[in-house]
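Going in written order, the chains are labelled A, B and C, and every chain counts its residues from 1.
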Amino acid sequence: MKTSWRNFPVWILKILGLCCLAGLPLVIENQYVLHVLINIFLVTLPAVGLRLILITGNMSFGQVAFVAIGAYTSTLLVVKLGLSTWVALPMAGFVSAVFGAAIGWPALRIRGTYFAILTLCMGQAVIKYIENLPALTGGSDGIFGIPRPGAIEILGHPIIVFTSAKENYYYLALALFLFSMLLMSRIERSRLGRIFHALGQHDSLAKSVGIPALRYKVLAFSIGCFLSGLGGAFYAHYFRGVHPENFTVWDSIYYVVYTIVGGVGSIWGPFLGASAMLGFFEVSRSLTKLQPILYAVVFIVVILFLPEGLVSIKDRLLHAAKRLAPIGGGGKNDNG
Amino acid sequence: MIETLAQVALNAVVLGVTYTLIALGLTLIYSMMRIINFAHGQLFMLGAYAFYVIFAQIGIAFLPALLFSGLIVAAVGFLLEKSLFRRLRGKELSSLLLSLGIGLFLEAGILLLFGEKDKGVMSPFSGAFNVSGIFIGKERVALLLISLLIFCGLFLFLKFTRTGRAIRAFSQDTDAAMLQGIDIDRISSMGFALGSGLAALAGALLAPVYWVNPFIGGPAVVNAFIVMVIGGLGSIPGTILGGLILGAIESFGKEYLPGSWNEAIAYSLVVIVLIIRPKGLMGYED
Amino acid sequence: MAEARDTPRTEKMFFSVDQITKRFGGLVANEEISFFIERGEILGIIGHNGAGKTTLFNIITGVIRPDSGRVVLEGEDITGKATAKIASKGVVRTFQASTLFAHMSALDNVITAHYLANKVPFWKYLVQTGKVKQRETLIRKRTEELLDFFGLSAQRHELASSLPFGHQRALSICIALAAEPKLLLLDEPVTGMNESETEEMMAHIRRIRDGGITIAIIEHDMRALMGLSDRVVALNAGRKIAEGLPDEIRVNEEVIESYLGREEDY
């Protein structure tokens, strides 16, 4: 990794940003604002997973299915088997990952556009199965009254207790979000990340040097589904209930929107996209009537004029600045 | 029992024809430009609203109203291709996302203009035929007949008109078509217009029979996908077959299976078909 | 001498294709193509556009399945296996267009291509253990050596897609070499290059062979191909019409008719 002086300010900004995020509940007492922030983290998790899937060259319009699987799994583990929330959460993630691998193994052989349609219909199928298996999932009645997560204790003393106050849920959501960022960061810098990017950029070339493409695409897909499942599990415990109508194709579409608007080029893209659009929604509450159409316009504008998303703004500005001030530059013909 | 079975079968055919109608435009655009038009459902919805305004509000006669609805939305499609989709020609993912964005935009726009409540459109045909215990509403008969007319019209158009043949040539082999001197830009716009017009005709035709609200686009396009995948991407006879299959699944499923199992089956079928035989029952090798 | 070369040897062959046939609809791309490649030689493959050369490469590397026939490497039948599997057995190809990982640097392109040399169970990557780091350092060293070999060291941090054409071709060969092939299939390595670039590439190819890698080349540039090849196979309309030393091929009637043209360029 190049570490020139140029990267430094970004690095520091990130630390500052993290501190701000962590310190927010100390400053904000408005429960509604906390709810919005929690929501942002909630949708960011599946979007981060989707980004990984996109990097390997596949578009999924069905991630809500894995969110639902995670939500229901966690719910059933706690409600029916009496497990602790802290055990159920990661297990729900793993169950979603396993489903992801099971579907991905045959499905990821399919080419891009067809795969997109496949995921769309798969997403709908999963929700319909949930709806129509009431013995397992409570069907159209849903499951409610999920107990709050158990308190986190140190040496028998409860440190973090979950009540109707949103603060601790915020920290949990933040922790999950940071976990996903850490995971992505490790992957990006590793051989795995290079393989994933290679597959997305040119999978025939990757195969020709011995990379078993399907295996790694399934891996990426599973990891993406793991994060979706984690998000779903958190959803279930935060809202303390699950119902098939909570999971719709629109959720899948919004994950796509947030990821594309934010930009796939950076691990922070999905978070940026989700924050921008959900934040915009909140700020423009007075414009509620115009909100759907503004969303659509923003999305279209990004696709046409900013295809690499919001994260590319920084690079674009730098690029434009270089063009305007050629001092020290001198154009790019050094390869002669 | 026989009556119920016959009634269910009849419903299956009616539904099937409906779904085929909706899916035709999507298939056409896909076979031409390899674009999956996510906005297809909203163009369908636009057709329904156009018909509502022209037929129910302004009061123009039924058939001309249908025609105008189709033409207006065809014009919209023409403009969309020319101004927006053309910029992203060749970029599969971007075109897909753009079509999604346009769909969102159209839905939001209609929501803003007309509100979220259903608009009632009265069918000019009332009553039903009773054929030895089996009922079929007159409006549905009209639906079937006009749909058949549209299918035939489309077939004749594609087979015998210059534009139609150009569209077919373009679908089958873009390079060869270019060599024959076919103007890609013009044909792309015309094809998109045709696809949009067909979507709108479906919406207009179904307006008296189903609902007219801003949200009908989503389910419509998903059903169109199902039809397209099962019947075969890019094949018009395949689309008809796919439509009938979906109609059968829905009709028989609703009658004999509990809950929304018919939907679960339809969606699962798409997934299975895509995995086992992506080109569907009658589609082309890609 | 030509006859002796045409018949398969009795001892274990390094590589051979045996009666490879492939049809696309009505079009015959390859028809009963058979030839062998000796270890350490450079085999040239010539033929018109559409003679079936790239299809043959595609079949050898498992991109498409032949209708009939076999591909045998060191006694093992590799017909129709997955491309990645065939690569792990030692057959690697380059592509006609500049096929690269466009959004990565030249360095990352080649590091990524070292997949086969760098097999460690995936979970170990999330935890950077000592062994992983060791391998990574080794790979990086090898990568820099490869880039240096082709004169790309100065460009190693450049984005692959922004490299000039000649460098892109060189990079695509680096990528193929990173997979440590036994048999390297080069698809038009000098097409589009000027004289000096071609000479340079030819020298590189010779050095690759000297390093112990067997090479098969598809090329249109007759001088380059004849200059490099130990033996040549000529294809026309999907069939093999001649096989032998470059000098023999040059004067072969059928080859001249179909491809070389009566006088000109070689």
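One rule holds for everything that comes next: contacts are C-beta pairs under 8 Å (C-beta built on N, C-alpha and C of every residue); 3 or more make two chains touch, one makes a residue touch a chain.
The model shown is predicted, which means the values in this text are computed figures rather than measured ones.
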Chain at maximum distance from chain B, centres defined as averaged CA atoms: C
Per-chain CA centroid nearest to the all-protein CA mean: A
CA centroid of chain A to CA centroid of chain C, Å: 41
Rounded Å distance, chain A centre to chain B centre (Cα mean): 33
Chain centre separation (chain B, chain C; CA means) in Å: 48
Per-residue overlap in chain A, given as positions that touch at least 2 other chains: none
Per-residue multi-chain contacts in chain C, two or more chains: none
In chain B, residues with contacts to at least two other chains: none
Residues of chain B touching chain A in the complex: 34, 36, 84, 87-88, 92-94, 96-98, 100-102, 104-105, 107-109, 111-112, 218, 222, 225-226, 229, 258-261, 263-264, 267-268, 270-271, 274-275, 278, 286
Chain C residues touching chain A - in the complex, by the definition given at the top: 61, 63, 82-85, 87-88, 92-93, 95, 99-104, 108, 111-113, 115-116, 118, 120, 122, 125-126, 128, 132, 136, 154-155, 157-158, 162-164, 167, 175-176, 178-179
In the complex with chain C, residue positions of chain A that touch it: 2, 183, 186-187, 190-192, 194-195, 197-198, 201-202, 204-213, 219, 332, 335
Contacting residues of chain A [partner chain B, same complex]: 59, 106-107, 109-118, 120-122, 124-125, 128-129, 131-132, 139-140, 249-250, 253, 256, 260, 289-290, 292-293, 295-297, 299-300, 303-304, 307
